[in-house]
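As structure tokens, here come the structures.
There are two complexes below, and they share chain A, which is joined by chain B in the first and by chain C in the second.
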Partner chain A sequence: MAIITISRGSYSKGKEVAEKVAERLGYECVSRDVLLDASDRFHIPEVKLIRAIHDAPSVLERFQHGKQVFIAYIRSALTCRVAKDNLVYHGLAGHLLLKGVPHVLKVRIMADMTSRITAEMEREGISEQEARTLLQRDDEERRRWTRSLYGVDPWDSSLYDLVIHISKLTVSDAVDFISEAALKEQFQTTESHRRKMEDLALACQVKAALVDPFFDVGVTSDYGNVLIYAKSGDRHVNKIKKRAKELEKEIEGINNLEVHAGVPVPEDAL
Partner chain B sequence: MPIIIISCDSYRTGRDIGEKTARAMGYDYVDREILPPVCEKYGVQEEKLLKALEETPSLLGLSSKLRNRYLAYIQEATLGQLLDDNVVCHGLAAHLYVLGVSHALKVRVLSPPEALAGELSTESVASPEKAKKIVKRYEEQRKSWSVGTFNLDETDPSNYDMVISLAQIDPDEAVKTIADTAGYRKFQPMTYSVKCLKDKELAGRVRVLLMNKFPDVKVKADGSTVVVETKAVKREKRKRTEAIKELAGSVEGVSYVEVHVATDIFRQAAESAR
Partner chain C sequence: MEPLTTEMILVMIMIGVAIFLFIAEWVRVDVVAILMMVALPLLHLVTAKEAFVGFSSNAVISIIAVIIIGAGLDKTGLINRLVRPVLRIAGRSESRVVIAISLTVAVISSFMQNIGAAALFLPAIQRVSKMLKIPLSKLLMPIGFSAILGGTITLVGCSPLILLNDLLEPFHLKPFHLFDVTPIGLALVASGIACFILFGRFILPKGTMESEGEGITSGLRNALEQLGAPFELHTPSDFTHYREPVLVQDLKRRYLVNVVGIIEPPDFKLLSPTPEAEVRSDIDLLVYGREKDVQRMAEQEGMELKEELGVFKDDVSDTTSGTVEAVVAPRSTVAGKTLSQLNLQDRFRVTPLAIYRHGETYRAAIGDLVLNVGDAILIQGAWRRLKVLQEERSLLFTTPIDVELMRPEKALWAGLWLAVALSMIMIFKIQLSVSLMTGALGMIITRVLSIDEAYRAVDWRTIFLLAGLIPLGIATEKTGAAAWIAHTVLNAIGTVQPIVLLTVIGILSTIFTLVISNVGATVLLVPLVVNMAIAAHADPRMAALVVGLATSNSFMLPTHQVNALYMGPGRYRSVDFMKAGLVISVVFIVVMIGMIYLLYGI
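After this line comes the complex of A and B, so read on.
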């Protein structure tokens, strides 16, 4: 009973590892499904969500906060799935979107550039130089995306519990390590973990419902008691309060919902 | 049997993991305790060798020339120990110079940030944010040291077979994972990988001997053949080649010495300008 996120570069065999881990543990294996859920629920074309989670924001986008809106949608879809437990997520940014969830086993799978180039050349039928350029561009895009939205480098190994280099170690070795680690006590879903996860999923749903146009509100949830933090002097406070009342009826699991304006936003708020 | 090389952001934690792994596998454990005989052999204070392993060259600290020499001493001693096989090695930067040896399992272990910050800082670390800052600063220092010394980023996970963070994973579980991995077929010594290690060890011994006279030498070994690269002004080339051949040829295990002397253009230009 665990949640596993597998972060990977393209052609790093991370997908294969994730599928095999899910098969071994009898877990659900999720990647694109999260985007499809978000696309259905928020009526956004999937391609826009893919761009939001893949391409680094341009200078203009940083001011428009469009990406934050789409990411809030994706996060909401992901946390709803994760709240059901027993899941392997190998889509983009799982370790960042589920930050703060204590029982998530965060894994990064890496592979040598040479083997990645060979895999891309075989699949796409392109030259070595083209494959190298595409991979380098893709890696750089991931780095820029993560740095600009979360201020961290995806290559930083301290973001993960395990980093496995597929070279001397094989896909099957990686599957063994991950499956074994996932069964350890610290990654098991306890009652307190389940509650935290449900609270995160609830806060994400509220945030997703408010983020467009109120992208800078903060949201927390504790035992289903949702707090929405608006900036002091925000001319939208009344609108937020009105929308919050509607949300109390629309979203399941809310015990109580309050809007606080002018109060410092807690660090763990979404 | 394989060699296990452990790199850790905290010496104390790395030592703990290394010792436990060695005990679990019945291997020898090698760390900075091999340094006192090195100090005795070369007449250097242990403190200076430790500085060379930890600090980047600076005006008030070690010069880069001295640091390279001290690191060459450490490298020679470490490689000598690794030849014995069945060894767990930690704290001697072996992950940065034992390259291309397929029976070496390289593992990086990361301590929990709060624990590492507590170890690095004399003050009490009040918040996780402060701990993160302290750890970040230390990581930057290590990165700059490893890139400046071996042209490899110590913090880059692609330089290891595996990275294990102890923030969530228990040290005993980490030890078990390392021990299990070392048992895999790919980490068993093969004729070629053992030869690679022997070549490195021989090159290390020759380099130490040559460094006193020629600090800039680069040495490679292939079997009993040693290739030495150095720089000199035109008129010194022959003299230097002969001196290197004589010195390197006296090392046990060397049967042939090849010397490549490139022209030291800066010295040449300076001498022509006089």
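After this line comes the complex of A and C, so read on.
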């Protein structure tokens, strides 16, 4: 009855932890599947999405407003999965993509460099030097990625509820901690949490549907009442209104949809 | 017999001109009446005094008084209360409404002046029209005609019949009893109503509701319909248990439902609560919203949606509250602010429901929208509160609200003064105009309505139309034109079967009553036809009765007081009266002669 996001670097055993936690709690474990969802739904090659997530934002910038567009797509796919509850998500930025959901247990798994290098050397069959360079570059890119999109450093421990360093603590220790924490009352899904998640999923869907080409709209949803915040400018707004009318029919769960222009976008808007 | 004089010819020309202008409608009918009022003294057909004697006539003063009394009764909601049972019986069907009200008016009119009955019912009919969305023009004419026909049910129903026995006295004929005419009168009323039910579609003008909506455009009506309707809900006794408090603004945000009334425990009724007001357990609340949204709210919040309004029933009735459209005026201090900043709920106790801007209705999060000049805000509230907001002048109201300011607390006074006026007429036999004016004055003194409202209630079109036609009647009689016509016609037909004679008398009376007053026509014709009938070996009493009845057969021109009264509100044209009036007049004569034949066997 909870949602757990596990943020990790490569070769940090995060995936292993995530899978075991999911197994222990009987939850679904989600990672790349989300990308598949997104690529299916929005007809983008998965490869492109993976690169969008993994590589530095420079890749995204090749597309117009690619950054916002891809994030909206992934977010939409992820929130739809999350709305079903009981889920472990591992991968980058899950905690950031699920901003606004109150009962997410945010975990960061780290491992020390030596063991990561060893793991990579084993897997890829490369030299220590190469492995080290690759890992460092990888870490750096992810750092830049999160920085550029969310303005935060993934290594900032204040972003997480739990930061576990896999070294003296083993993977199974981590699974114990996480499983125990996930059962705490504050992470349980209440009726209002469920409602919030549904609204978030709805808002994400609307945002994803609008983001290309209206990348700068803000979307909120409250009990199915969707508000789209647009910058003023008649032609622009009219186009958004037209598209919004169609969306009202296309997307399920919308109770009312309005486009408000020239109004300050609230902070919690997507 | 007098020879035809120039004056007589002039009078006949003037009648012709009046009728032509009624039909041609180059000017409005009341202007035609004023034209007569001016032209007749100029042609020396009447004296200046006689030209304007209509304004001081008993009939015109009575109409003014009765209109004021009617307005007073309407303002206190008394008419509403009387209309309700009638509507309950009649349901929503147009025909049944027409039958129910027509019968009621006919019965009342059989004991009092038919103009009185017609004037008293006018506000009621206007209300019914608004409530059932039936065009006023579909209701007024059948009901007005019934009021005229109802005058023939008893011998005191209309002035010609009241006079009849006095006119028979010189001839030593047996007087009629009070109910002698009742069978004929009932048959006339029934046939009149039947005509409208059967042929109303063809003979009544096709009125539309739009033209009668008081300043409400169809667009606004649409917008109001989109916003939904009032609903009443009840919260369960465990509503607030184990949950965060539910505020009025939460309901608005979640379900787009506006809470416009809430009970503060134990039983304090709060209208237009502030957004921060809390919804408590086991209370009633009044909301405004689309049915779908309200149902969703009831379901998800575990409230009970009531079948119909209960606790708040009186607070949403049209008479006490409503929804208006207010526009942000240029240079208004409101522009640039948000509704949350204005805080209308707290300051004025009214609830903004939606904002209309650039062809779009905004219902969600309207509190945060920055108001621009030209934005229209739909505001719900009690008329009293809205009035206060209107007087602040920061918002321009597109819907007039002063028309609906009701004073239900004065209902007792209004009823009392009506009773006083009626008992003065019926018991103390004081003149109609004096009695009714006493009632009207009483209402003004006891503040049922202000003197300005009383003046506004009077429809001056009616007054001038009636007063202006009176000198025409005077001229017709004074110059001897009427007598000349009557003599000529009756001499021309010679000796015929009694039934033909009576029919001719009926037609003649009908034509006379259209131009000269019904009393004038009766006084003129009765002595004439009695002599004629004796000469033709017909029953002279029947001949007199035909005159007495047929002078109520005044439907083809808006010259009868009742027709004149209903012409304005019903937006009728002279042509409308001719079309429907011709049918009814023909039926009238046929039924009248038929009934006399059946009852008295002439």
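We take it that the second predicted complex is superposed on the first by the 264 of 270 C-alpha atoms of A that agree within 3 Å, B and C clash if a C-alpha of one lies under 4 Å from a C-alpha of the other, contacts with A are read in each partner's own complex, and residues count from 1 in each chain.
By definition in this document, contacts are C-beta pairs under 8 Å (C-beta built on N, C-alpha and C of every residue); 3 or more make two chains touch, one makes a residue touch a chain.
Quantities reported herein were computed from a predicted structural model and do not represent experimental measurements.
Superimposing the complexes on chain A yields a three-chain arrangement in which chain B and chain C fit side by side.
When the shared chain is aligned, no partner comes close enough to touch A:Val88: not chain B, not chain C. Shared-chain residue A:Ser157: touches chain B; no touch with chain C. Once the two complexes are overlaid on the shared chain, A:Ala208 sits clear of chain B and of chain C alike.
Taking chain B and chain C in turn and counting the residues of chain A each one touches, the greater count comes from B. Of the two partner chains placed by superposition, only chain B is touched by A:Met110; chain C is not. Once chain A of one complex is fitted onto chain A of the other, the partner contacts of A:Phe177 are limited to chain B, with no touch recorded for chain C. Contacts of A:Gln186 after superposition on the shared chain: chain B is touched, whereas chain C is not. In the superposition on chain A, A:Asp222 contacts chain C only, with no contact to chain B.
Residue contacts after overlaying the shared chain place A:His165 against chain B, while chain C stays out of touching range.
Between chain B and chain C in the chain A overlay, the least Cα distance found is 19 Å.
Per the touch definition, chain C reaches chain A in the complex via residues 244, 253-256, 293, 296, 300, 360, 362-365, 368-370. Only residues 192, 222-223, 225, 227, 241, 255-256, 258-260, 262-264 of chain A touch chain C when the two sit together in their complex. Of all the residues in chain B, the ones that touch chain A in their complex are 102, 105, 108, 110, 113, 135, 155-158, 160-165, 167-170, 173, 177, 181, 184, 186-187. Listing the residues of chain A that touch chain B in their complex gives 105, 108, 110, 112, 155-158, 160-165, 167-170, 173, 177, 180-181, 184, 186-187.
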